[in-house]
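Below are the C-alpha cells for one structure; questions will follow.
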Amino acid sequence: MAAVRYACRDGWRLIVRHWGMSLLTVFTAMSVFFIIGASTLFVLNVRNIVSSLENQLTIQAYLKPKADIAAAEKAIKALPYVKETKAITKDMALERLRSRIGEQAKAVMLLGENPLPESIEIKVRKASEVAETARLLVAVPEVEDIVYAGRVAEKLTRVSGFVEKFSIVMLLVAIAASGVVLFNTIRISVYSRAEEIGVMMMVGATSTYVALPFVIQGFILGLAGALLASVMLCGTYYAAVTRLKDMLPFLPFIESTRLTGKLAFMLVCCGATVSLISSLMAVEKFIRKASRPL
Amino acid sequence: MAAVRYACRDGWRLIVRHWGMSLLTVFTAMSVFFIIGASTLFVLNVRNIVSSLENQLTIQAYLKPKADIAAAEKAIKALPYVKETKAITKDMALERLRSRIGEQAKAVMLLGENPLPESIEIKVRKASEVAETARLLVAVPEVEDIVYAGRVAEKLTRVSGFVEKFSIVMLLVAIAASGVVLFNTIRISVYSRAEEIGVMMMVGATSTYVALPFVIQGFILGLAGALLASVMLCGTYYAAVTRLKDMLPFLPFIESTRLTGKLAFMLVCCGATVSLISSLMAVEKFIRKASRPL
Amino acid sequence: MDIKFSGVTKIFEPDIIALEDIYLQVDKGEFVYLVGETGSGKTTLMRCITREVVPTRGQISVGGNLLRKINRFDLALFRRDIGVVFQSFLLLPNLTAFENVAFVLEVMGLPPKEISERVSEVLKLVGIWRRRNLYPPQLSGGEQQRLAIARAIVNGPSLLIADEPTGNLDTHTADEIMQLILGINAAGTTVLMATHNQYLVDTYRHRVVEIHRGRVVRDEEQGRYELNGGC
Amino acid sequence: MDIKFSGVTKIFEPDIIALEDIYLQVDKGEFVYLVGETGSGKTTLMRCITREVVPTRGQISVGGNLLRKINRFDLALFRRDIGVVFQSFLLLPNLTAFENVAFVLEVMGLPPKEISERVSEVLKLVGIWRRRNLYPPQLSGGEQQRLAIARAIVNGPSLLIADEPTGNLDTHTADEIMQLILGINAAGTTVLMATHNQYLVDTYRHRVVEIHRGRVVRDEEQGRYELNGGC
C-alpha cells in the first residue's frame, strides 16, 4: 500500500522534474496515436464509401417482347444476391434514350410504335456478386438480354479496395512504430537513471519497488498522449467531415459520435497497454542489469 | 583537423557503446522515414491514376443532320482545352447503340435509314475543364446537342482528390513526427550524458568540441535510418506494384526507377538534414546548461 | 551479524586478482578496521558482503546465511539489515538530503510519520539538519559524506559497513562521526570500517585487519595503523 | 598564475552564504593550503576560480584576467591552463583511465604521438599505469583520485587547484602524491590545495589560509593545520 503511494509520488516526480522530456514524449505518443486514429477513420470511411458505391451497382435485364413484366420482376426478386429491383416500361426507356442521345431519339418514334424493350433494373449488394447474378438472370425465361456496367463498377471498387488495403498496411506500420517509439523513449528515460536504479537496489529496494515509478511514469505519459490524440482526432475529424460534406455531398462520410467515441476509447486503451508494456520491458532490462553482481 | 578526427571516433564510440539504443533509434528513424516515403509514393500514384482517369473524360457532341463531319471536327479541334477528338459516323453510332441495348437495336433499323446522328467525341485534360468546353461547343454551328458524363466523372475525380489531400496531410504529419521523434531520441541520448558534458567543458573543451561527437552520432543514426527506409521502400514498392499490376492491369502505377531513385535520394537527404538539425538543437541546450555557471 | 569468509578469491576479468584466498571471521558486535594501501582490495571485500560482487571462488556467510544461496527478493530484505557508507557515497542526486535518508525507510514500508521522525533525528545526529532540503550535488564533500553515513545508520542495521567514512571530513568532524559509529557499535551493531585515517585507528584502538594485494597480511586485536605490507 | 579575490561574496539561493567578503591574493608560484571545517566554503572558493561559480558580489582576477569579462571561448582556453583535481574526481566514466587523461590533450589538438607519450609518463608518475585500460568505475577510490591528479597535471598547467587530493589515499601514497605536487610547484606552478590532512599540512609547511563559515579567518606563512574557527 505505502509502496504504491510512494511509487505514484515518485512517478509523478519523474515526470515533473524532467518536464521537457515528458512533454516531448507525450507529443511523440500523441503524433503516433493520432496517425493510428486517422488511419483507422480513413479506412472506415473508405469502406463506407465503397459499400455505398457497391449499392449503386445495377444490372439491366431486357425482357422478351410481350413478356409479363410483373411476373418477371417477381421471378428476379426471388434470386439470391438481388437487393432491389425496378421495372422500366417502354415509355420510361424511351425517355431515358432521349435524355441520352438528345432530340434525335424522336427519330425512333417515327416507327409509330415504341421499339424499345421493357427492362428491369436490379441492384445487388457487392461487385463480386454481379457476375453470378447475371448468370442466374440468363436462366429467367422472360429475360432476353442483360447488360451491366461490370467493368466500370469493378474498376471503381477495385481502386477503393486498393486504397483500403494500403491504408490497413499503413495502420499496422503505425501501430508497430508506436510501440517501438514509446518503448524507445521510456527505455532511454530509464537509461539515464541506470545508476540510480543500482543505488536503490543497494539500499534494499526490491525490483518491484524500483520499477513501479518508472512504469507509472511511462503509463501516464503514454496515456496522456493517447488522450490528447483522441481529443485532437475527434476535433479535426468533425471539422474535416463538415467541410467535406459540403464539397462532396454525394459521398457518405461516417458521422456517428458512437464511432468516434469508440475509436477514442480504443486509442486510449491501446495507449495505456502499449505504454505499460513498453515501460515494463524497458525498466526490466535495467533492473536485471543493476541486480547482476560483478 | 585533429578535433574532427577525434569527434568522428567519439561519435562512433557513442553509437557502438550503446548499440541497443542506437539500434532502436535507427529503427525508429527507419519507421518514420518509411511512412514518409510510402505516403509520398501513395500520393504520387493517386495523382497519376487521377490524371489518367481525367484523360478518359469525354464530351459527346451530336452534329446537325447533313453537317460536314470533317469541318466540325476541325472547328472543335481549334477550341481551347480540347485534347483529342474522334469522329463517330452513323454506322459507328448504331453499332454502339446495339451493344448498349442489345438486339432490340435492330428495331431502329426498321426505319430503313439509320436515324442516329453523327457525333464527335472530345477528350479534355481535366474534369474542371469539361463544363467550360461544353459551353464553347454549343457555339460551334455544326453542333446540335452535347452530352457529357459530367457527374460521374467529377465524382470519380473528386474522390481521388479527397484521397490525395488526405494523404498529403498524413505526409505532413509524418514529417513533423519524424522531426520530433529524432529530436526527442537524440536529446534523451544527450540527456544521459549531461554530466559528462559538464566535465568535458571543465577541462577546457570548447562547446564545438563537445557537441561534435553527439551531432555525428545523431547524424549517422538518422542517415542509417533513412538509408534503410529507402532500401525497404524500394523493395516493397516493386513487390507491391508487380502484384497490383496483375490485379489491376487498367490502373497506371508508376514504375520508373528514376522516380524511386529520386525519392530514396530525397529521403536520405531529408534524414541527414533532420537528424543533423535535431542533434544540434538537442545538444545545444545541454551545452548551454553545462556552461552556465552557478 | 557475524561475517565469515572462507577461501574467498575474486578475480576481475581478465586477470586482476582483487582478493586472494581470504579467510576472515568477524563476530557479532565486533568493531574491525580494514586497512591497506590503495587498491589493496578493501572495497572489493566489502562489496562481497553486500553481494555487489560475487567471489570467483570461496564462500561467504553473513548472519548465518550463505550469500551464494540467497535469492533476489531475500537479497533486498538482507540489504535492509545492513547499513553501507559507500566510498563514493552513491547518493540519489534527484532526491533531497532528507528524501535520500527517508528512501531507505520508505522501501521498508514504514508509516510517513515514523519516517519523518527518524530521519530528522539522524540528520541532526550527523549535523546536516540545516542542509536537509538541498540535493546531493549542492552539498559540500563532507556534507555528502555525512549524509551517506546518516543513510547507513537510519534503520538501525545489525551490520554497518563504512568504506572510508572520514575521507572528506576535517579532523574535528571526523572525530565526532567516529564517536557516533563507536556508539552504534556499543549498542550491538557489528562494524566493519575501511579507513586510511591513521589518527582514528591509533586513537580508538580496535581489531585491525590489514589487506595487501588482496591478501590478509595482518589481523590483530587493538592494532595500529602502520602498513607493513607483506613483511 | 596569480589569483586575486576582492570582496568576493557568494550566496546560494535562497540564503546560503558560502563565501563572504573574501580578499585573497596568491602570487605566481606560491603554494597555498586551504583549510577549514567541512562546509566552510573551500570548494566554492575554488569553483569561483574556474568560473564554475560566479560570485554574487566582488571580483576575481586570475593571471591578470578579470573572470567576469571572459567570454565562452576564451574560458575554454583559460581552463586548459588550469589543472583541477575535483573533490569528487569528475572522471569521464565512458573513457578508460588512459583516455580520460588523453582527453585533456586531445582538446588542445596535440598530435596523437605526443599525447600518448605524455599520458604514459604521467600515469606512471602517479602509479596507475597498470590500470590504464580500466574505466573509472572499475578503479579503487585511491586509483580514481590518482587518475584525477594525473589529468590535472598532464598539460603542465600554470595553476593547479587540488580539492582534497589525498582523501582516499593511504598515508604512504598520500605522501608520494604530495611530493609530486610539491615538485610541480617547485617548477613554477601556482598551487592551491584544499585539504583535511593534518599530517601533510604540518609536515610540508607552507602558507595556510583558513576559511570559517565563508570567511578567511587565518592567513599565515608556514602555518599549521589546527582549526581555530572564528577565535
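As written, the chain order gives the labels A, B, C and D, with residue 1 at the start of each chain.
To be clear about the criterion, a contact is a pair of C-beta atoms (placed from the backbone, for glycine too) under 8 Å apart; a residue touches a chain by one contact, two chains touch by 3 or more.
Fair warning: this is a prediction, and the values are worked out from it, not measured in the lab.
Following the contact convention of this document, no chain is adjacent to both chain B and chain D. When each chain is reduced to the average of its Cα atoms, C sits farthest from chain B. Separating the centre of chain A from that of chain D, both taken as means of CA atoms, is a distance of 67 Å. Taking each chain's centre as the average of its CA atoms, chain C and chain D sit 28 Å apart. Work out the mean CA point of chain A and of chain B, and you get 21 Å between them.
The set of chain D residues that touch two or more partner chains comprises 12. Counting partners per residue, chain A has no residue that reaches two or more other chains. If each chain is drawn as a node and touching chains are joined, the picture is one closed loop, every chain linked to exactly two others. All chain pairs in contact, by the document's touch criterion: A-B, A-C, B-D, C-D. Contacts from chain A toward chain C in the complex involve residues 1-3, 6, 13, 17, 196, 199-207, 209, 291, 293-294.
Remark: chain B residues 18, 21, 24-25, 27-28, 31-32, 34-35, 38-39, 42, 49, 62, 97, 100-104, 107-108, 110-111, 115-117, 144-145, 147, 155-156, 158-159, 162-163, 166, 170, 173-174, 176-177, 180-181, 183-185, 187-189, 191-192, 244, 247-248, 250-251 touch chain A in the complex. Here chain C touches chain A in the complex through residues 12, 47, 50-54, 72-73, 75-80, 84, 86, 90-94, 103-104, 106-112, 151, going by the rule given at the top. Within the complex formed with chain C, the residues of chain D that make contact are 12, 35-39, 43-44, 87-88, 131, 138, 140-143, 145-146, 163-164, 167-174, 196, 198-199, 225, 227.
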